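One structure is given below, represented as structure tokens, and several questions about it will come after.
Each chain gets a letter, A, B, C, D and E, in the order it is written, and its residues are counted from 1.
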Amino acid sequence: MRHYFGRKLLVYALTFVVAVTVNWMIPRFMPGDPVAGMLARTGVSQPAAVEAMRVYYTDLFGFDRPLWEQYAGFWATLLRGDFGISIWLFPTPVSTVILRAVPYTLALMIPAVLLSWWAGNRLGAYAARRRLLDNTVLPVGYVLTAMPYMWLAVLLAWGLGVVAGWFPVAGGYAFSLQPALTGEFLLSLLHHWVLPFLSLFLVALGGWAIGMRNMIIYELESDYATYLAALGAPSRLIRRYAFRNAVLPQITGLALQLGVLVAGALVTEIVFSYPGLGSLILKAIQNQDFFLLQGTFMFIVIGVLVANFVIDLVYVVVDPRTRAGMAGAQA
Amino acid sequence: MTTTPLTEGRAGTRVVRREALHFAVRNGKLVTGLGLVLVLLLTGLLGPVVLGVTAPNEYVAAPMLPPSAEHWFGTTTFGQDVFTQFVYGLRTTFAAGALGGGIAAVIAMVVGFTAGYRGGLVDEALNMLTNVVLVIPTLAVLLIINAYLGIRSVAVQALFIGLTSWPWAARAIRAQTFSLRGRDFVDLARLSGLSTPRIIAREIAPNMSSYLFMTFILLFGGSVLIASSLDFIGLGPTEGVSLGLMLQNATQWSALQLGLWWWFVPPGLAITAIVGALYVANVGLDEVFNPKLRIT
Amino acid sequence: TPPSQGAGPPPGNPGNPGSLPRNETLYTTGTQWGPPAHFNPIREGDHATGTKGLVYETLFHYDPNTAKLVPWLAESGSWTSDTVYEAKIRSGVTWSDGKPLTAKDVAFSYGLGKIGTISFHNLYDWLKSVEAADDRTVRFTFSKANYQEWDFNLYSRVIVPEHIWAGRSEEEVLNGANDKPVGSGAYAYQSHDQDRVVYVRRDDWWGRSALGKEPRPRYIVDVATPSNEVAMGMLLQKGLDLSNNFLPGVANLVKGNFGITTFYDQPPYMLSANTAWLVPNTTRKPMDDPAFRRALAASIDTKKIVEGVYGNLVKVASPTGLLPQWDQFVDQSVVGAAGFAFDTAKARRTLADAGYRDRDGDGLVENKDGSKIKLTLIVPTGWTDWMEAARAIATSAKAAGIDVTPDFPDFNALVEKRSKGDFDLLVNNERQLSNTPWTYYDYVFQLPVNKTQNTVNFGRYENERAWKLVQQLNQVRTDDVAGMKTVISQIQRIHLDEMPIIPLWYNGLWAQSSVATWKNWPSAAQGAPKSAPVLWRHWLELGGFETLTQIQPAGS
Amino acid sequence: MTLTVTDLRVSYRTLGGEVKALDGVSFGVRDGEILGLAGESGCGKTTLGKSLIRLDGRMRHVGGTVELDGRELPIADDRRMNAFRFHEVSLVPQYAMSALNPTRRIGRMVAELLKSRGAPLDRDKLERRLDLVGLPREVLDRYPLELSGGMKQRMVMVVSTLLDPSLLVADEITSALDVSTQKAVARALLGFRDSGFVKSMLFITHDLALTSHIADTIMVMYAGRLAEKAPADVMVKAPRHPYTRMLINSLPEVGVRHAERPLSGIAGSPPSLLDPPPGCRFRDRCPLADEGCAEDPPVTETEPDHFVACWKA
Amino acid sequence: MLRLDNVTKVFRTGTFGGRTVTAVGGVSFDVRPGEVVSLIGESGSGKSTIGRMILGLTPVTSGFITMDGAPVRPGKDYYRAVQGVFQDPFSCYNPVFKADRVFALVKEGYFPRVPAAEWERRVEAAVRDVRLNPGEVLGKYPHQLSGGQLQRMLIARALLLDLKLLVADEITSMLDASTRIDVLNLLAELKTCGLGVLYVTHDLSLGTYLAERTVVLRGGAVVEMGPTDLVFGDPRHPYTRALLAAVPRLNAPWEDPAPVTSCLCHESGPAGGDGRAAAGRAAAGRMAEAGPGHLVACARLADCPPA
């Protein structure tokens, strides 16, 4: 057990260091001067003023110090949870900007990932059972997974949003509301959440359904299933076992897919102007706000690492094989 | 006298191959999937030649024309012919998929074969690398690297996709190699004086050719999707036209809001069709090569 | 739920923190592309829209239609001598915290310019001192009277309350978020979130009685939409009342029956806001040759851009580049003699006459010394309309024999190239409509050329005479229209002969409004208001605020 | 007779056609009898075992009947057959190593399996049987992974016989074990029969020596047909079919040295079952074969309980 | 010819070699030209590992393996003289290629300059040497050949080289009883030509059939070794006895050896796997001599009477 987690933690630590380093390098090696860019964007018109401001802000952001010092400083501030100040949203601290966006992204991601996983697995298991379902669920599943996230999102926004008018197409809650713990506000949150959720959910759903269907078929061919069938066990029991065993690789799959799902969430948010990290990243890129970009990226990395770790934990709980293997139990 | 007891499990690959072909041509999934991809590929390859247009982004007609006999897919807000863009876009998209998938496959193969064959510390180290790349949310990295270097061409885009999308495939290949490495013919090749790279290339790889092909198919599909996502966010190549860029353009110029569905739907549908067909073909292949799946 | 930002219940509406009544709320967008970051009006470039104009105010507004300053916080102002300007501050103006606004606040606000890194610091190159002569009089003493530029300052600089700002450090003045702004304006900040700012009308605003003006919406919600198509979707859903984004293809919606209006109901649909210029790097061959620049100017099919890229939402610029609002300053005789228009044949002729010939038969001309001409036109990546336009420019230049290739670097990279002069051609539109064409000529001709040129004269064009004339123009009194015209005519002659910068088209004053909730939007129609229908930064003083007072609830 | 198999024909559907894996096999197993089934690889042993309990997807029942305790087994009807499985016929499969669900504790799996067959778990009985095969009771709380191969093998034996079936089919259950474990497992099987947990047994292996220790009667198959069936000692000492004889002669005994007594194998290989030639199937390899062998040899009872299918016997 | 001197193999397993498994501990024996030595033991006793170490497929952890006095250096020169044949003939052939590719590989590796016709002649000769009909086996895919044919072709392949030692790792366990005997007879023939054979098996009866000498392994250590008739005829170690007793014989009932309670060597419980303990035992209790060349790993051999 210690061994298993030691190894995992090593991977995570390494990933973290790599991510932080890549992250740190970004603004330093980007073409162009971020401060000059920021000033150019603000449209200050007097050349003399711009020059004075450029000197001032370069110093403020510390771009003039030696690289190693910047790197060390980056780690130091990072470990303090300080991501610096956003250039684009100057003078808002990056952490504030991110923390404002995170709840939206999480509210989108977590249900979409978990529900699609759950429903996809159910669906796949059903499909593996019946030819009719197999011939309907499967093609639909393929079409869904093969869809570019944004395309489906835009179609949904257009169809259910603009044309049908059932759902709003932008924002996290109605623009006429102020955040408050009222039913109206919560309802509005939900109302705005539906479409982005749906587009994420649908695309992911197909993938899981297909994966599950294939897994189940393999499991149903496995020796223990054959043995149970030879002993006349009802197919309900066999399927239950097969499902349980087929779910295990799907859990690993969830960990593998996390990166992709995050990416999907980002793109979807962009389409729906959902005020989460995705929209933020796009803006940070468009405005070359590297501090914000670094912050969001760091946040995503940490999020993915934590999620992976949780999945690892879950896996250990549900799969006796890892546990036995970890304890060093050999037959 | 026949010397060929057709015992199960010992049935060699030749039989598997003959059988594979037999099942391949009868496998609906495989045939539809590959057929669809082929049709689209041919459209992409031959379309531009047949149309005889060299600049798909030229303004050639009145803007916002709906589909007609003259402009099959209508025109854009600028008066570009959507069908011309579409066939060119198919080309680019296939190129991005093939290149990105190809690069990823090569990396995956190098890493997977090396790790699986060498084992030990090399394996551990490569595994670590794989895991790191796997855990890092690659699209986010891609976004950033893209923003950093700026992507001007499909080749560079494909390179980045290839560099980030290999880990799962490397893992899978590693596992396969690992099991093949234990097979005696590998030892026998060693005893015949073959070097490690040659053993991998000549003994192990041919054995997993169907597997490698399936991996490539999946990487290809993934590449197409990632490329279109990047294009869509505006991090695609700035020149030329791809299905993703068409989508981006259509969206940015409010094609749907203005009712220009013919600008927006075909590229998305084509991406879906390419990727979906590849996936379906993959399942088909799986069924062809894996007798267990065949009966269902 | 996201953390709730800002103040508690809105002052005008204590009982109901929840929903804003639709018929009293104006939803706008297109003014900013991200979360409102701060409410510091001193940071003029990036404060939340409305900080200046709704919350904080200026001494004057400017009405482009009458070309006159409109007294605002100042009830009048005048030059008491050649170098002394006195502004009379209105009495009865109070800050939103109840304290009176006095001349001392004004003196204090202008005094902030002494901070070296404040954006209007260069005012002090020619402004000697600011003092409050008494409670209502502010006296500005100049070392050099730049009348044109001063008027611009009069309606551009905000007045902040001294009793709050005096205690702030320089750092905070410059970089503080000022998230509880105390202003004198018609609206008070109510709340903001990542994608919106909400302002609520101050019913005790001084201007109701003093100006007789009352903005109609009780609430203004400025929505930060990330993209045009989303804005268009919301406009169609009637979730927005005014979109100040460039919405490509909106002409279709105006013509169709979607309840969406623009200033004109036919091309160009929009008023003009600024000029897009093609900037040649005049330090490079062959752009250092006026003849080549003129040929380049004539080679560009701007009409194709206007129609193809913008769907007729913009207008082809006059050869002088001066906005339509400045028509009176265009010397038609000069234009007639030296102006240019799209004419590929003429461009070819000009090139040939100047010695640029196609020597190797590839259809593209070479330098006089026979070397190849290969020019790159840079436009920031992601600026799709400009990217499209750049492609069109390249195509039509090629048709005239000039090899131009569009390239799309990142914005920051472009800024760096631009400021270092490391480019061939670029497109720029950074100067907006103002009270005087001087701002344009300042942009075109400013000298000296520095190692880095960060806001003006990117093409590094050096013409001492022209720069002298521009400075001379600056010192013509703003009511001396004839004097202005005389100087401007000479500048125009130089501009058209030398063509240091090529005007392309006028960007629109993007404004598309929905009539579902609010009506009487500014329009060219008879009887309709003519003010600028935008809430962009700096435009509230140019008529945007007046628009708020003109619109009416659709139901009324 | 517990089991009576009459002219059983089963084939596999393949691309090349029908593989006639069982081509008219008839035999009987008495109460309390262990029938050892031996023969070269591919002769149809597993097929026979499977036919008695569950035909897999590609198998087809072509003809013949199987009677157990006087009732005919509906072997071609998967649904009706279910009632007999486990209760009447049971199986210890070749793949015992992987026959247990890897993600369930064994005890729980057994309980669930029994419940699904409508028989409550009798924990005492289970534990007694575990004792009998020498398994600690803790195995019930373990996952299959935590058991060694031999332990799994014995566990599966216990599970398969929990409902005291009339017939137990044990297919190659010792092939993967080394000699000492093999011995323990074989002994346990005998114990099961002796304790009456199973009435009779079909013990399939290709190891004639091992069969001779366990089985009361040995049946040797060749290419989908019965070659010879006789009591174990008779089979070992006085086989009559040339194939059996050659097979037994090719088995080296411990201590037999090449230098002293070189043994010889059987040249050639069995015919393809896709399209077997008519007549005696051993003909091509048989030193005694002549024209007469071109006709199918009938199975004849040369002595009581000794059946041979050979013209020359 | 081949000597193993106190050879030990420790496998590192787990993350970065966190744990170790001693598969072989302190094994010493030798193989002379024209001699068959059989290596016998239960599954996991380290037989294959020894074979692989001799073939240079697995590096030795400690101890020495020498061939004609020179330490083993895996490479073409070594493999010219020492070759192996493995357990599963079906897995020795790459199913993708024709079976005679194994010959082609040999040519490529060792005789690249031999003309094709000459090579063909040599291959056919070798194939005939193993009593196969070249026309029947060449140019076919592995699945078209029987296990015996395949196994014999592997031996033919080895014969193409100037072979001195053949490591035969369970070469008959996948074969039918009748084919098995054919292959064994072939080996017996070869050894008369001076070939040394290390015959690895867990089937005791096969071990005795060919071998001059027998080495019994348990948990990676030698338990008993010596001339085959002595080891089998007069097993002295309780483990050897138990092993022998468990072998099913056609004509004799299973016997249960009298439990040797007094013997220190005897332990109940699973035998395989704990190589470390076995190695420790073997090192501590030196091998005692029970007869001419008959060594037993027993500290108190005198206390154990012959059966």
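Criterion: a residue touches a chain if its C-beta (ideal position, glycine included) is under 8 Å from a C-beta of that chain, and two chains touch if they have at least 3 such contacts.
By chain, with names taken from UniProt: A, B = ABC transporter permease; D, E = ABC transporter ATP-binding protein.
It should be emphasised that the depicted structure is a prediction, and the values quoted were computed from it without experimental measurement.
Chemist: Please report the smallest number of touch steps linking subunit C to subunit E.
Modeler: Counted as steps through touching chains, the separation is 2.
Chemist: Any idea whether D-E or A-D has more C-beta pairs in contact?
Modeler: D-E
Chemist: Measuring centre to centre with C-alpha atoms, which chain is farthest from subunit D?
Modeler: Of all chains, C has its centre farthest from that of subunit D.
Chemist: So the centre of each chain is just the mean of its C-alpha atoms; given that, what is the distance between subunit A and subunit D in Å?
Modeler: 55
Chemist: So what's the Cα centroid distance for subunit A and subunit C, whole Å?
Modeler: 39
Chemist: Report the inter-chain centroid distance for subunit B and subunit D in whole angstrom, where each centroid is the mean of the CA atoms.
Modeler: 49
Chemist: Could you list the positions in subunit B whose residues touch two or more of the other chains?
Modeler: Residues 3-5, 147, 150, 234, 251, 256-257.
Chemist: Please set out, as single numbers or ranges, the residues of subunit D touching at least two other chains.
Modeler: Only 41, 148, 269 qualify.
Chemist: Of all residues in subunit C, which are in touch with two or more distinct other chains?
Modeler: Those would be 227, 233, 236, 382, 409-410, 413.
Chemist: Name, in rising order, each residue of subunit A that touches subunit B in their complex.
Modeler: 10-12, 14-15, 18-19, 22-23, 26, 29-31, 128, 138-139, 142-143, 145-151, 154-155, 158, 162, 210, 214, 217-218, 221, 256, 258-260, 262-263, 266-267, 270, 281-282, 285-286, 288, 293, 296-297, 300-301, 304-305, 308
Chemist: Which of the residues in subunit D end up touching subunit A in this complex?
Modeler: 53-54, 56, 81-87, 90-91, 93, 95, 98-105, 112-113, 116-117, 143, 145-149, 151, 156, 159-160
Chemist: In the complex of these two chains, what residues of subunit C are touching subunit A?
Modeler: Listed in rising order, the residues are 1-5, 17-20, 22, 25, 27, 33-35, 37-38, 43-46, 116-122, 125, 175-177, 191, 193-196, 198, 221, 223, 225-227, 230, 233-234, 236-237, 239, 382, 409-416, 419, 430-431, 439, 446, 450, 452-456.
Chemist: Which residues, counting only subunit B, touch subunit A once they are in their complex?
Modeler: Listed in rising order, the residues are 128, 131-132, 134-141, 143-144, 147-148, 150, 168, 221, 225-226, 228-229, 232-235, 244, 247, 251, 256-257, 264, 268, 271-280, 283, 286, 292-293, 296.
Chemist: Give every residue of subunit A touching subunit C within the complex, in rising order.
Modeler: Checking each residue of subunit A against subunit C gives 30-34, 36-37, 39-54, 56, 86, 88-92, 97, 99-101, 103-104, 157-158, 161-162, 165, 168-172, 174-182, 184-186, 189, 270, 272-273, 275, 279, 282-283, 286-288.
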